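One chain, chain A, links the two complexes that follow: it is found with chain B in the first and with chain C in the second.
Moving on to the complex of A and B:
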């Protein structure tokens, strides 16, 4: 039986969760030769509204590409946390942006709190890279892909000229967990 | 992500794979009007087509886009357009025109929730019958439907081949699940499709663009090469000029359908998984086939003898292949994201000899493997 790891990145539309999911999938599928899929669910709005991006990483074939029993749930908003925490496995991992998710539901799952949006704003100076900070937190907390694979995927996916900024945000995310 | 470095594995959406495969198939003209969830096809082609000397045009609407690819095809280009439900509805009249004028082209429809504006960002499979019967009058329909990214690549190339050979529009029917799912594409495929080469040296002497008596239509000599002929949506004779002669008109109308129906075996394309000796046969296509694979695997782990039948050509319907696969089945389960458009076809193809149970889901969430499993086990 192959190992299947289910990830859901959740928050609001416009936070870059779809891009973050594609980068995670690319790090696993292209740079580490596993199988990975990324899918998304979002509303018709360009910004706002609930948004979720799902990544499945497996060493076997991935038929059904949607996540239903989550190994990892990232929540950048309280609303997303309330809505999705029930899909976490009993031993799953919940990662939250400590500024926006205050009320954490009870459960047996593990929790990693990180100042995701705060780091993006104060240490990088751009709130738009919160998705890359979150990616760093995820990689440090789960080791689902190597930091180097993630950085290569970031450099290939983000708009040209912003690679350095995005990698910096990613590394600050790594440190936020590893430094503790 | 570009047309270069084809042997390096790439992570692409189904839509991006369709766009790049179209270029691989020789498509050099795209006209369209962006619409979710198909927009990445237009987006990718707007960037990639100019690099290979191709033309990308964003038209004022879907009707104009469909008309533009017909014109470009008559001028000798391999052409495509891409849309979703509301745009597919608008294109129908011109699709009929392409059927009647026997102009090859590929029309991609990435299905979203309907009717009307429906659910723009969410998957459905409600256009399966529209893909066959959307335009008025008796007409041919060839509809291909991918499940995975390798399917999307292969069937795009196959769509162009079929369009050229049969001189008719081919509908490439994706759903949002397949169009938006990002996964790994490794080229060359195990079953790398070969490109259809048009017969060369078509005699210009006495050229009849609309012959009714061949096995396949004669290749189209592009306009502007010194062979004038008439192109019309009116029923016509073999020269292309309109006719009210009942015999000629009937021959024209029958030819359009017969040229496709007479080659059902050639067009049939199904993927079978453990159908030999199965007790239960699951029928699923497109994104739902992915759910069905999960369900079938779980059912087998419980000791059930379940086979999976996945048509890649939806129309013409592969009834002979289905009858063969369902030979030992006591029940057939159809899983689809509509109210049973294919389930009726399955029932008809099997002559109502085997109970057909429909697992149908609307509302925008994909069918879960466990939900299909419940139907397989008769628990729902």
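Moving on to the complex of A and C:
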């Protein structure tokens, strides 16, 4: 991992991306002793349309808490992809939900396609856990945090007994990339 | 002569009641004895009414004038009784004289103890010899020796061992010994033959070969070994005694390579016993001479004796003096130990002489009052209104603590000695591999362990297991799992043996196995835990042992609980549920169960913090029941952080400890259902203290890093925003607005660097701060002009405005805050109507995006009628009335005073705010860090609130009902406020 790794999670409002961002940041900061910042959009920006949550992870100090040159961009909607892909670094990684993002602008960035929402609906049975599936895809594709750290961070957010569902979704996301 | 006896009887009243038997013996026969002595004209050759050391000769005379065995025995007993009583009385007189003459206490005690020991031994020797002469007459016994192996003073028994050669009539000897033992028990004291019992001898004595065989069979029944080493000739053949010492005792000493295994094995038993005593704290409700200090002090002397090859001296006091000379670097410690041993032995002996022959003293008031004569005998007086017995007790505990402290140091020092000498030394990394490392370590260790009875010192091996990157631990696991069937079982049984004898070592061993990575260690760990739990189910005493570990080494129990999975932990907890008779143990058990709940109950959000606190500061584990004390410790760390002489890193570390402890203190309060403000107010107070202190420290660090030494004057402020500004406890994160009113790039750099360091420290506390406006402007710190421009240019949305309106000053001057408010607030205040409309719209949008079709869940923060609605309604009123200050109780009060038409609504909102906050806080700590409450998870929350200050609801379902009703009421109230406050736009 480079000294500083910038991640933006984007999609529609209500897709749980803020929670996913917090979990990712906590996995890095609390369970792996790395440094992390996390921010999210609020208000009108978050009502319908594109919503985003940003995480910066670093082994060292973070000078600048705003993500501007993304190492990783997750897009769960076409609108989000259109809006934010320009912020992705030339050698960055774009992860998309292949159900909703059909048109990918040209660029030298790498692409990982995953059936995120489909996995959430068909294999977990709850579309609301798409954010956890997405998290699994991110962790598998980048190894930015250890899967175990992410699972612990997930467990820290949900009541006991419901971890199973969320962790299952996360693991399916891991497999979606690792299984390829 | 009657007069003499009467005088003696009268004087003997100051002795304990157990001396009555000697008076009765003497009363029965002294007249006859005197008459017979007179008849034989030998009265002047026998001292009946004064103490005299020539017991051998005098007993011979007394014995000879008796007619028939029965009368001889009576006369001997009478002589013994009279001499014994006078010996004790004389000793007390001499002690008093020594102290009165100004002798140092320790010197007086030494004289007292040594003369008592010498006199008692001499009297017993003479009596036993006289009895043996009687019972062995006309027989042809073998050579034999009777050795004293225990304390040299009168206690309730005399520990002896007997050795015989095979050159005579052994049966006759045994018969005679039997009679001696019986007679001695009737008239003097019990002769205790521990070694005969343990060694399984067929009679009272054994040959040297039999003792050797017994030792070979059981390497460390260390009590037996200790007695053998303490053997001192009492009666018998000197040559035989010397041969015994030479052949039996050599193996204990360090000089022979042949006996190294035995020497180390003995030390392991001895140090193991001491280690286990040091682990447990001394009891609060009683004095236990042996466990508190005597065994430890004597153990130290014995360990030093065998390791330094001090063969001929057996008395611990003398051994300690020799050790002080032999080891100059430890001179102070050994001399101090000697003085401490003298003090305690004197106390104990006086207690046993004057009160009762017991090894323990209950510390009830009446028992303590009984110590008055002992205190007086030891030279203590009442001073400063404090009775002498209190001074005595204070000194006792000081001495005990000194003994224990020195013991810890010596045992620590001996650890490396044992490691050096150990037969396992080939395993230590610094030794070259001579091929022995191919051996199965687990099998070897288990074989040794299984041969031990009692405690086993294992500290050196544990340390080796923990060091070297865990290579040896890995080998231990691997070697265990290589074995099959009964051999593997034997090894695991060896590990489990520690659970009974030394639970601390057992837990450390289990943790060591757990730390080895890999499937084998996971399986082995699971197996050992499973068998341990089974052992707890079947065996008595294990729980008590664990309580001892928890009391003395809570961090070990803490780590053990941490590594158990949920099923194992639940079972462990259920097995702790025992009805213990000992009150002190019951109290420790209650604390342990409470601790387990605090550690494993609650949400991961809470447990994460809890783990951090107990893992970094295990010394506070026992304080968790007392949140006031936790808070005191927290403040102590805050104080440390302000000490100029420590380094910046240390100060920040102390600040972190302050934060964690204060946080935990508030969390425990909330989990106990205490009212909201009882934990919320302290929470905000410590958080604010922490932030401002952290800023100071980080700024110093930033100055060092950047070299920029500029004063910020009134140009910089850190504001709390969001829920932190509103006084919300236990939130996900802290929201900050950091504003600099300057375009100076160096100052900007300095403060951004400061913020960067602050961020790093806050992340370590388990929270990821948010920086308002960093999203817009990219930096931690935003310039004043940037924010002004943002608002001026119409970029600021409703959320930006609410953040500004609700902000609270943390660092910076009130003048800056005033300037900031004047500039930014006015923009909002001047267009309050518009702001209110926008805010209302924002509320409606939020509700729309949060549509929830699941009736068993409710979002207590963002949902309709939730906390956000309350806060935003209050912001509307704040804007309308152009009020400053954060959204807290004072704002409610102020608004109520200004806007009386909303008095009722504000009361509803304030009460609801308090209720919903408390529910949310308890849910966060007890269930999950999630604002979406699930009905199925509310039972615990309902329970906590019901037992504390919350509503009387029976279960989670009822609580959900109350929450929903309340939120419904809130929404109706907010709507009625907005109907009035939000005038239609133009």
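The rule we apply is simple: the second predicted complex is superposed on the first by the 168 of 180 C-alpha atoms of A that agree within 3 Å, B and C clash if a C-alpha of one lies under 4 Å from a C-alpha of the other, contacts with A are read in each partner's own complex, and residues count from 1 in each chain.
Keep this in mind: a contact is a pair of C-beta atoms (placed from the backbone, for glycine too) under 8 Å apart; a residue touches a chain by one contact, two chains touch by 3 or more.
Small disclaimer: the values here were computed from a predicted structure and weren't measured.
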{"item": "Which superposed partner A:13 touches (first chain B, second chain C, both, neither)", "value": "second"}
{"item": "Which of chain B and chain C A:81 touches, first, second, both or neither", "value": "neither"}
{"item": "Chain B versus chain C as contact partner of A:150, first or second or both or neither", "value": "neither"}
{"item": "Which of chain B and chain C A:114 touches, first, second, both or neither", "value": "neither"}
{"item": "Which of chain B and chain C A:167 touches, first, second, both or neither", "value": "neither"}
{"item": "Which of chain B and chain C A:158 touches, first, second, both or neither", "value": "second"}
{"item": "Which of chain B and chain C A:24 touches, first, second, both or neither", "value": "neither"}
{"item": "If touched residues of chain A are counted for chain B and for chain C, the larger one", "value": "C"}
{"item": "Residues of chain A at both interfaces, chain B in one complex, chain C in the other", "value": "22, 25-26, 29-30, 35-39, 41-44, 62-66, 68"}
{"item": "Contacting residues of chain C [partner chain A, same complex]", "value": "603-605, 608, 732-733, 752, 756-757, 759-760, 763-764, 766, 768-771, 774-775, 777-780, 797-800, 842, 845-846, 848-850, 927-930, 934, 936-937"}
{"item": "Chain B-facing residues of chain A, complex", "value": "21-22, 25-26, 29-30, 35-44, 62-66, 68"}
{"item": "Sites on chain A touched by chain C in the complex", "value": "13-14, 22, 25-26, 29-30, 33, 35-39, 41-48, 54, 61-66, 68, 152, 155-162"}
{"item": "Residues of chain B defined as touching chain A within the complex", "value": "9-11, 36, 120-122, 177, 180-184, 290-291, 293-294, 297, 366, 368-369"}
